[in-house]
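Inspection log for the structure reproduced underneath, given as structure tokens.
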Amino acid sequence: MEAATNSTPVDYLPILLQMLVAVGFGVTTIIGTHLIGPKLRTENKLSSFESGIEVIGNARQPVSIKYFMVAILFVIFDVEVIFMYPWAVNFRSLGMEGLIEMFIFMGLLLLGFIYVIKKRALEWD
Amino acid sequence: METIVKDMQGIPLNHYLLLSSVIFSIGVIGVLTRRNVIIIMMSIELMLNAVNLLLAAFSVYHGDASGQVFVFFVMALAAAEVAVGLAIIVMVYRNTRSIDINSLNKLKW
Amino acid sequence: MSLFYFVAFLSIFFSLMVIITKNPVHSVLYLVITFFTFTVHYVLLNAQFLAVVNFIVYMGAIMVLFLFVLMLLNLNKETEPMKSVLIKVIGAVAGMCLLVTVAGSIRAMEVSDPLILKNPDIGLVSSLGKVLFNEFLLPFEISSLLLLTAMVGAVLLAKKEQKSI
């Protein structure tokens, strides 16, 4: 288990297998229900269900801008995390120096986060 | 199983170069031919990814990890570019109600 | 060997579909598949951490952002603008010219050595971390500055200002 030093693409075979099983399960259930289930197509069944009320307008309503702010900040912090994995793995060998370097990195990003909080970009008013 | 691993190696570097340049050119064509701003940005992402793949291939070819480290920086750049670019698109859409690239020709002389 | 060519064919095909399809949502989904084929390429190159990062950042984060913007911008069929046929043909020809030029220069260089994995540990997290925190320390710190700028810029641009009338 510890011998991850010379891992090859073959080690990803279990992940591939799992993905195959997941995708296969989804596809077979969807196709299976289509094949097995009875089909009665009436006007009411084909219309989209909106709690019994008549459908009004388009389904493509524009989403609020607040979600977009959350998504943008998620992307930025996600990228930050990819720099943290190599640091965390080498934490011991980098020692104090690495800690300080990482603190500078995190400090700058924290500055941005403080700006976001001050700007009330994440608040739902 | 080992034969699969052996097969994975031994691809000429030329073919990686060719694949990357094909995808980069597809990105260029996308930028030139589409008018939807979002698809133009997606084509730029395609170009960045082609370069990433080439950097990784060169890094393996030379046995040097710096190429793969460089991909991280490209990814950070791509994330920053996407965040700011999409924010600009949202602003433009809010003001002009269109994502046509030709609605942005106001700066043209 | 043949696996590489199969995946390469898939990535070229799906990246073509990205720029061909008219519906922007389909385009985003094709781009997700293209990025997935890139992840497979990284696994084949034994760049394992890169594969995981590509999976997380590109397919997870950036694509979600694109889909979000598409949802935000209330796109119906009529709002999709199309360029004239002439401009499309000219653009395609220009792109093909670029491809032919690059391919020709690659051919002239003649680097057809096979890609042999000299050092299988190269794509692991620990070896990448060592390089990142020794040789690439300054770019690493500067990239935090880049991310800070992007954060501030995005918030400043996209945040709806309070009406101060």
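The letters A, B and C name the chains in turn, as written, and every chain counts its residues from 1.
We adopt the following convention: a contact is a pair of C-beta atoms (placed from the backbone, for glycine too) under 8 Å apart; a residue touches a chain by one contact, two chains touch by 3 or more.
Computed from a predicted model, the values in this text were never measured in an experiment.
Asker: So, comparing each chain's Cα centre against the centre of all protein Cα atoms, which one is closest?
Answerer: C
Asker: What chain pair has the highest count of contacting C-beta pairs?
Answerer: Per-pair contact counts point to B-C as the maximum.
Asker: Please tell me the distance, in whole Å, between the geometric centres of chain B and chain C computed from their C-alpha atoms.
Answerer: 4
Asker: Per the centroid of Cα atoms for each chain, what is the distance between chain A and chain C, given in Å?
Answerer: Using C-alpha averages as centres, the distance is 17 Å.
Asker: Once you find the CA centre of chain A and the CA centre of chain B, what distance in Å lies between them?
Answerer: Their C-alpha centroids are separated by 20 Å.
Asker: By residue number and range, which residues of chain A touch two or more other chains?
Answerer: As it turns out, chain A has residues touching two or more other chains at 8-9, 65, 68, 72, 75-76, 78-79, 82-83.
Asker: Considering chain B alone, which of its residues make contact with at least two other chains?
Answerer: 4, 8, 72, 75-76, 79-80, 82-83, 86-87, 90
Asker: Spell out, as numbers or ranges, the residues of chain C touching 2 or more other chains.
Answerer: 44, 46, 49, 53, 57, 61-62, 65, 69, 72-73, 75, 128, 130, 132, 143, 147, 150-151, 154, 158
Asker: If we count contacts the way the header does, which residues on chain C are in touch with chain A in the complex?
Answerer: For chain C paired with chain A, touching residues are 43-44, 46, 48-49, 53, 56-57, 60-62, 64-65, 68-69, 71-76, 120-121, 124-126, 128-130, 132-133, 137, 140-141, 143-145, 147-148, 150-152, 154-156, 158-160.
Asker: Inside the complex, what are the residues of chain C that reach chain B?
Answerer: Residues 1-5, 8, 11-12, 15-16, 18-19, 24, 27-28, 31, 34-35, 38, 41-42, 44-47, 49-50, 53-54, 57-58, 61-62, 65-66, 69-70, 72-73, 75, 79-83, 87-88, 90-92, 94-96, 98-99, 102-103, 106, 111-119, 122-123, 127-128, 130-132, 135-136, 139, 143, 146-147, 149-151, 153-154, 157-158 of chain C touch chain B in their complex.
Asker: Could you please specify the touching residues of chain B with respect to chain C in the complex?
Answerer: Touch residues, chain B against chain C: 4, 7-19, 21-30, 32-36, 38-39, 41-43, 45-46, 49, 52-53, 56-57, 59-66, 68-73, 75-84, 86-91, 93, 98-102.
Asker: Which of the residues in chain A end up touching chain B in this complex?
Answerer: Going by the criterion above, the answer is residues 8-10, 13, 65, 68, 72, 75-76, 78-79, 82-83.
Asker: What residues of chain A sit close enough to touch chain C in their complex?
Answerer: Of all residues in chain A, those touching chain C are 4-9, 12, 58, 60-63, 65, 67-69, 71-76, 78-83, 85-87, 89-90, 93-94, 98, 101, 104-106, 108-109, 111-113, 115-116, 119, 121.
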